[in-house]
Amino acid sequence: MLAKNPRLSNDEQISAMLLRYEIEQFNSVYASALDDQRLADWAEMFTEDASYVVLSRENEDRGHPVGLIYCENRGMIRDRAFALKKTAMFAPRYLRHMISNVQLTGEADGGGIRARSNYLVLQVLFDRPDATIHQAGTYNDIFRRTEVGLKLAQRRCVYDNLLVPNALCIPV
Amino acid sequence: MLAKNPRLSNDEQISAMLLRYEIEQFNSVYASALDDQRLADWAEMFTEDASYVVLSRENEDRGHPVGLIYCENRGMIRDRAFALKKTAMFAPRYLRHMISNVQLTGEADGGGIRARSNYLVLQVLFDRPDATIHQAGTYNDIFRRTEVGLKLAQRRCVYDNLLVPNALCIPV
Amino acid sequence: MLAKNPRLSNDEQISAMLLRYEIEQFNSVYASALDDQRLADWAEMFTEDASYVVLSRENEDRGHPVGLIYCENRGMIRDRAFALKKTAMFAPRYLRHMISNVQLTGEADGGGIRARSNYLVLQVLFDRPDATIHQAGTYNDIFRRTEVGLKLAQRRCVYDNLLVPNALCIPV
């Protein structure tokens, strides 16, 4: 039953599994930073030249690059984190990220690691008692290894919803 | 803290973990094939003699084998994939699979690997802006190792909902 | 691409990964015990001195320890499991747990393993055809290694919803 995959050496399989494990741990830390509203911690999970984009699947499929959020370096990501901390509208809600189905998809130019995963963000607004679906979609990622562990050089969040409820541009 | 499970040797634990890793990677590829509507790719993830069934938990519990979908070999699975590509009603929606809680549950007759996992399928219909729950349930699986990696010899999708909205028989 | 994390030895990384794997397998068994309504099996997943608490994020954030469920040893957990089996109101619903984003967060006093994860519980009530969100939240856990594998010495379930629909106190 436990016969290993014959196409790969044991060491190769263990290396791939370690990488997947690291990305899953990364995504868990990422989810809790956003869910706990520690946005400064969230911003530090990106490389200095990182691109962070949130756009609809509809626009992605049609090749329209227009997104809800468009940051092309960590400075812009930090600005967004800072702006949201100052926004009165952001506070009165709870978010909960469920990230699953991580998939290693190959190597990126310059030595990065390509991966994708599915995400679901649940939201509780303080004037409604129940949890509702805020966004569902896919992360298209490029990770880069740095001295302090993995960081995101790209996270492209493509959401399925046609409209995002309470369309405040909160990161996902 | 990191003391290992004393009941198993290190090698046995690593083998079990590698198998779980392979199944998780498989499920991620499976999810993205369906979410991207690459149904021909999806059909190739089954063995030639595979059984693929989608039925309600209510019928499963009562021993009624009546399902929404019932395929008893890969030819039937391919037929379904082909039929859906031709169905105008299938296109105008987005699906998103979240598969979690993979559990290795033992060895099947003939050397297969038994596993189960939970799934949630979210749906966006093009006449409604929000994502809704299409189906939630359990995959009861038998995997078989082939020359080109793991394949499903059985996937029995048992969904909890009493009715499936827009009861088009799309694979999950 | 697969260069390993340089800050940890290979053995340390594999140990951490094995632990995470064990916790994920534990959570999958936990989810299926609750989803299959095998509550006696569920109760045995705790240590004798375990604490099991379900409380709202609102109360948690304000330091109010008032919870929906408050058990301070396995006897109380077993009592709750037994009481629910006898409750006519419990039967007519299906539950489905999705547990994701496991995060190892360090060592607890006395040698336990601290972890957290996110959960989503879906519910199908028998007078409504669709699956709805019952609860979303975080497990704050302490695991302890016993002769029969990992057990929970603490599971603190903090849910985001402001109200739990059909506020029957079912375990999550």
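In order of appearance the chains are A, B and C, and numbering begins at 1 in each one.
One rule holds in what follows: contacts are C-beta pairs under 8 Å (C-beta built on N, C-alpha and C of every residue); 3 or more make two chains touch, one makes a residue touch a chain.
Being a predicted model, the structure only gives us computed values, none of them experimental.
Taken as a contact graph, with one node per protein chain and an edge wherever two chains touch, the assembly is complete, since every chain touches every other chain.
As for how the two copies subunit A and subunit C face one another, under half of their interface residue numbers coincide. In whole angstrom, the spacing between the mean C-alpha positions of subunit A and subunit C is 24.
Across the assembly, subunit B contributes 14, 16-17, 98, 100, 120, 133 as residues in contact with two or more other chains. Interface of subunit A with subunit B (complex): residues 1-5, 7, 13-14, 16-17, 20, 57, 98, 100-104, 116-118, 120, 133, 135-138, 160-163, 165.
If you check the complex, the residues on subunit B that touch subunit A are 12, 14-19, 21-22, 24-25, 27-29, 31-32, 35, 94, 96-100, 107, 111, 113, 120, 122, 124, 126, 128-133, 145, 149.
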